[in-house]
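Order of writing sets the chain letters: A, B, C and D. Residues in each chain are counted from 1.
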Amino acid sequence: MKNLLAAATLALSVSASGLAFAEPLKIGMITTLSGGGAGLGIDTRDGFMLAIKNSGNKDITVVTEDDAQKPELAVSIADKMIQSDNVDVLTGIVWSNLLMAVAPGAVAQGKFYVSTNAAPAALAGANCNKLYFNAAYQNDNLHEAMGEYANKAYKKMFILAPNYPAGKDSLTGFKRYYKGELASEVYTQVGQTDYAAEIAQMRASGADGIFVFLPGGMGIAFMKQFAQSGVKIPVMGPGFSFSQDVLPAIGDAALGAKASGQWAPDFDNEASKKFLADFQTEYKRLPSIYAVQAYDAAQLILSAASKASVKNADAFRAELLKADIKSPRGNFKFNTNQHPIQDIYLTEVVKKDGVLTNKTVEKIFADHGDAYAKDCKL
Amino acid sequence: MVEPVLEISGLVKNFGALRATDGVTLDLRPGEIHALIGPNGAGKSTLIHQICGTLRQDAGTIRFVGRDVGALSVAERAQLGLGRTFQVSSIAPDFSALRNVMLAVQAKQGSSFRFFKPVMLDHSLIDTAMAMLERVNLGARARIPAAELSHGERRQLEIAMALALGSKAFLLDEPMAGMGPEGSKSLTRFLDTLRHEAPILLVEHDMDAVFALADRISVLVYGRVIATGTVEEIRRDPTVRTAYLGDHA
Amino acid sequence: MPMLNRENLVNLALAILLIAVPLIANGLGQPFYITLATRVAILALAATGLNLALGLGGLVSFGHAAFFGLGGYVAGILAAHNFSGEPVIFGLGGTNQMWVIWVVSILVSGIVGLAIGAISLRTSGVYFIMITLAFAQMVYYFAISWPAYGGQDGLSILVRNQFPGISTMRPLSFFFVCYVILILGIGLFALIRASRFGAALQASRQNEVRVATVGIRPFRIRLTAFVISAMLTGIAGALFADLNRFVSPSMLSWQMSGELIVLIILGGTGRLFGPLAGAALYVVFEYALGGMTERWQFFLGLILLLVVLFARGGLIGLLAGKAKHG
Amino acid sequence: MTLALALEQLLNGIQLGVMLFLMAAGLTLIFGVMGLINLAHGSLYMVGAFACAAVAAWTGSFWIGLVASLIAAAAAGAIVELVVVRRLYDRDHLDQVLATFALILIFSEGTRWLFGSFPLYLDIPPLLQGAVSLPGGAEYPVYRFAIIAVGAAVALGLYFLISRTRLGMRIRAGESDREMIGALGVDIRTLYTVVFALGSALAGLAGAMVGALQSVQVGMGEPVLILAFVVIVIGGIGSIKGALLGALLVGIVDTLGRLLLPQIVGLFMPLAQAGPIGGAIASMLIYVVMALILAVKPRGLFPAAHG
């Protein structure tokens, strides 16, 4: 009790004097560093660590562990980090299904969770939580943006996603804004690697546009096969489908594909330029959107930690909510459900200096929140 | 006339174009030892497989203790009392001799679907099994893993298991094979007493044993029974002499 | 009568160790090790189930994850319906009572085990391995694609299910629940192994023809063993879901089936405490190697390979010598 | 459904089947001759894909990459046989499953160690780019035709190898009687290594060809492996003919199931629900087919002599 009081007094004096708040903070990062989805986890970790390193804050420790994309393992690691390592904040999970396994338990045990990517609808609406923040988006956002964009140029869309909840959320999000006709709505097997059958259906469907949500290897396979098929219908998708982690593997087949994103490497703001330069210096490659999201998550935690003690959950939360950071994304603030309100852009895959990357075309949504915030009573 | 225990008539089995069993008819009467002889490839194994139920006949009937068993499974025929030993001894190698016999005793007693009472505390099983082992002179070897028993001892063990089943007929597939002269002699003496338990269908190459034991002999050549009769009749049969015993005579 | 031979001593030591670790961890204020020990107990129970089919019956089921996952989904689905108040089926509601969940998961995995076993046991050898794998894949894809219960995302159990008189949210209490069930499971295994049924089952592994020749139908014996095996693995699945407060299709994946087999081999096939020894070893490997290197799966693979090639008796074999059969 | 779509889907089914055949042929050959069940076969597929992608990136030629994939997979197979698998022939299937399961872990993490976690780039060679027109107005990618052609060539090649050559004679002898072939004076250890390397090379070839169509990444082998097992179990383990027919059956059933089932379910409910449910049933379809076939024919469609 004495210590707490002392800490509170110290906190007051520090805020008053405007000095950095120096109290140890332990962050537990659980992400996918082995198995098929490791690329995403590695970008997450690297983006996050870049922000920590840039901050020069010695009071912050990050313990990182590999979840191998297995929910059970993620839960076990989270238990260990909470019960044994005594971390204050958890972060890093890439996949919605792993997040659903870990986050509810973590916040139930009084820990903050700041998501760097996964943002299932289940945690954005009625089941939102004071200790759960999402620094990336809400799962539906990028799909909604493509639905909005499709209204402009297309009358009959063929839409396709894997047969799992994020896939269904994706097409639901797309349809929430898309007002035209649907040629077909197809769900493929999770982890499917051959899309010949679906491409044949696209050819036969008479659609004038195709929306696909196929993250990771599925997207690589689809785009390469689509390019060979001779089908000439324009393809679009959410940012993950053409993100920097998969572009090199898709190759020129991705050229011209339209996508939605909250960030692209050509963003013309100081924070973005600095992030891009730092990341390339540090890791010798272009960052993906996952790296940006993790970078911002780390910035958010750093910013809150510099002003409040994590032991004081309410104060720490209040500081997080302020989102007092310079995001490479530009505008960034939190909605009432602690998910971002941000601008969403249309991007196009181009080749710049021999490297495939995303170029910003136009803004689709300004200050876009999500459909679930109204159900969240915080 | 006494009803035969085992009655086979018109049995046929084809493997593609090959007719391995060609209209075999034979029977086994109470108290007798009926030997089945024939050169290699005559179809003895195929015939035994059909009698036991591991192979299904293409035509003909098999009657055992008054029932048509031609469509029954191996286990069902065994439950009716068809006790069998194998050309190459067939035992549960990790089990002791005793537990092998206990398996037969429990099968005889009816239910293997008892989950909770440890067999090694079940004296009705152990005592019966020990008695059977004593009868085949294996009492002293009861606790030895079956895999470590000698060739002859495994033969004895198989017979003990057949005894434990309370068999109504024994089907012995070359019991003398691989036995030394001493072993053969003692086994011959034992089989002579076994016939009082139940009749024996004896498939055997060892002619000394056959002639010493058999009440009747059937000769199988190319899937057919070419002759059936007493030892003397078979010895004198000219067709048998040319077809089979030629080199012996 | 259980004698104090070397294997029994090793078994006793393992049983005591498993209960000592969480007690000490509790004293030291390190609840994570309780969670770890609970994981060991549950995985050991699942593997004990499989050991009945695989160790005693020689039935190499490469699809036991199906039962593990089904048990988990029973826990998840009943808890979800209890939370939402909607009936599951025929007007029957969900529940958060563990013992009801256990009974239902035993029934469900038993019935599915009967169906899978009845078809799979018509085959043998590699075919059996592959057909059990195929059935598990069928359940896996069904769980991934069926929209009602979370599909790939799985199903969260917001509050751990209840057991009368015990605060299951306390790690140590929940550990004891799992420990007691594990010991009961191992006891059941021991009883069955020593029984007439066990004799017939083990004999049909060693020599199927011999068993049929004494008049016992191996198919029925095996099918029964497969069903009991499925039930034990199913109840372990329900506990596992409660441990993680989460169930997902990865509990049904073929890698899970592989891991269950791994546990048995690591510990010693057919040995009473083999699954427990294997589960303990595996969880320690996973935890210790995972803490040391991202490449832990590489080293896990190497260790496994060495065990299969050179240490066939597994851990129990190493500590207690060759298995004895009475 | 138009005729063009039906034709295109049939070709897709055949192409998938042919690809599965390349995997299944090696598996079934190894099982037939050595009685070994090899879960690590999918890892050799991955090795082929990575070798092809790495060499193609280095030399700029897909074709050199393709040759490299054959060599790399055969070499990896031979090493695995010499170091590990050789000790497993006398073991039961359980030990084989376990040891090769361990090999998957080693191969997957080892590959990640060498190549990193990001998917590699591998493109179709310029010669096989583009699509050709089909009757009815559809088009079909040249590269997929090429895969079908390669698969057909491999099937023919295997047929000649096994029925007309000395090696084939020994393989057949090995399939029917393992002891006898040793007695014939054939160096059985070398024969096993050669057969294993041959099966591995076929898997590597499949991996390289498919790698150009999909993504070359760690873990790409396992889904194919399980499908290949379904194929050989349906066909009858040890039978090359069974593997070919089983592969085509699985390829066509899977492709048509994915197309038709959502539409059939769609007759009863709205599209948004029919899609996922139809998809769910379609993803289970080949396993249902396998279970049905084994329930009627427990040793597959073309049971081999032993197994």
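By our rule, a contact is a pair of C-beta atoms (placed from the backbone, for glycine too) under 8 Å apart; a residue touches a chain by one contact, two chains touch by 3 or more.
These are the chains along with the protein names UniProt gives them: B = Amino acid/amide ABC transporter ATP-binding protein 1 (HAAT family); C = Amino acid/amide ABC transporter membrane protein 2 (HAAT family); D = Amino acid/amide ABC transporter membrane protein 1 (HAAT family).
Values in this document were obtained by computation on a predicted structure and should not be read as measured data.
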Where each step is a move between two chains that touch, what is the least number of such steps from subunit B to subunit D? 2
Could you tell me which pair, B-C or A-D, is linked by more C-beta pairs in contact? A-D
Let me spell it out: compute each chain's centre from its C-alpha atoms, then which one is farthest from subunit D's centre? B
Rounded to the nearest Å, the gap separating the Cα centres of subunit A and subunit C is 36
Rounded to the nearest whole Å, what is the centre-to-centre distance of subunit B and subunit C, using the mean of the C-alpha atoms as each centre? 43
Could you state the distance in Å from the CA-based centre of subunit C to that of subunit D? 32
Two or more other chains in contact with one residue: find those residues in subunit A. 33-34, 163, 168, 187, 189
Among the residues of subunit B, pick out those that touch two or more other chains and give their numbers. none
Residues in subunit C with touches to at least two other chains are numbered 141, 144-145, 147, 295, 297
Using the contact rule from the top, write out all pairs of chains that touch. A-C, A-D, B-C, C-D
In their complex, what parts of subunit A are in touch with subunit C? 33-34, 65-66, 68, 70-73, 75-77, 79-80, 82-84, 96-97, 100-101, 104-105, 108, 120, 122, 163-166, 168, 187, 189-190
In their complex, what parts of subunit D are in touch with subunit C? 31, 37, 84, 87, 93-95, 97-99, 101-106, 108-110, 112-113, 226, 229-230, 233, 237, 273, 276-277, 279-280, 283-284, 287-288, 290-291, 294-295, 298-300, 307
Once bound in the complex, which stretches of subunit C touch subunit B? 191-192, 194-200, 202-203, 206-207, 209-218, 221, 224, 325-326
Please give the residue numbers of subunit C that touch subunit A in the complex, ascending. 30-33, 35-36, 39, 141, 144-145, 147, 150-154, 156, 158, 171, 240, 244-246, 248, 250-251, 286-287, 290-291, 294-297
Which residues of subunit B touch subunit C in the complex? 52, 54, 73-79, 84, 86, 90-96, 99-100, 102-104, 106-108, 111-120, 122, 125, 145, 161, 164-165
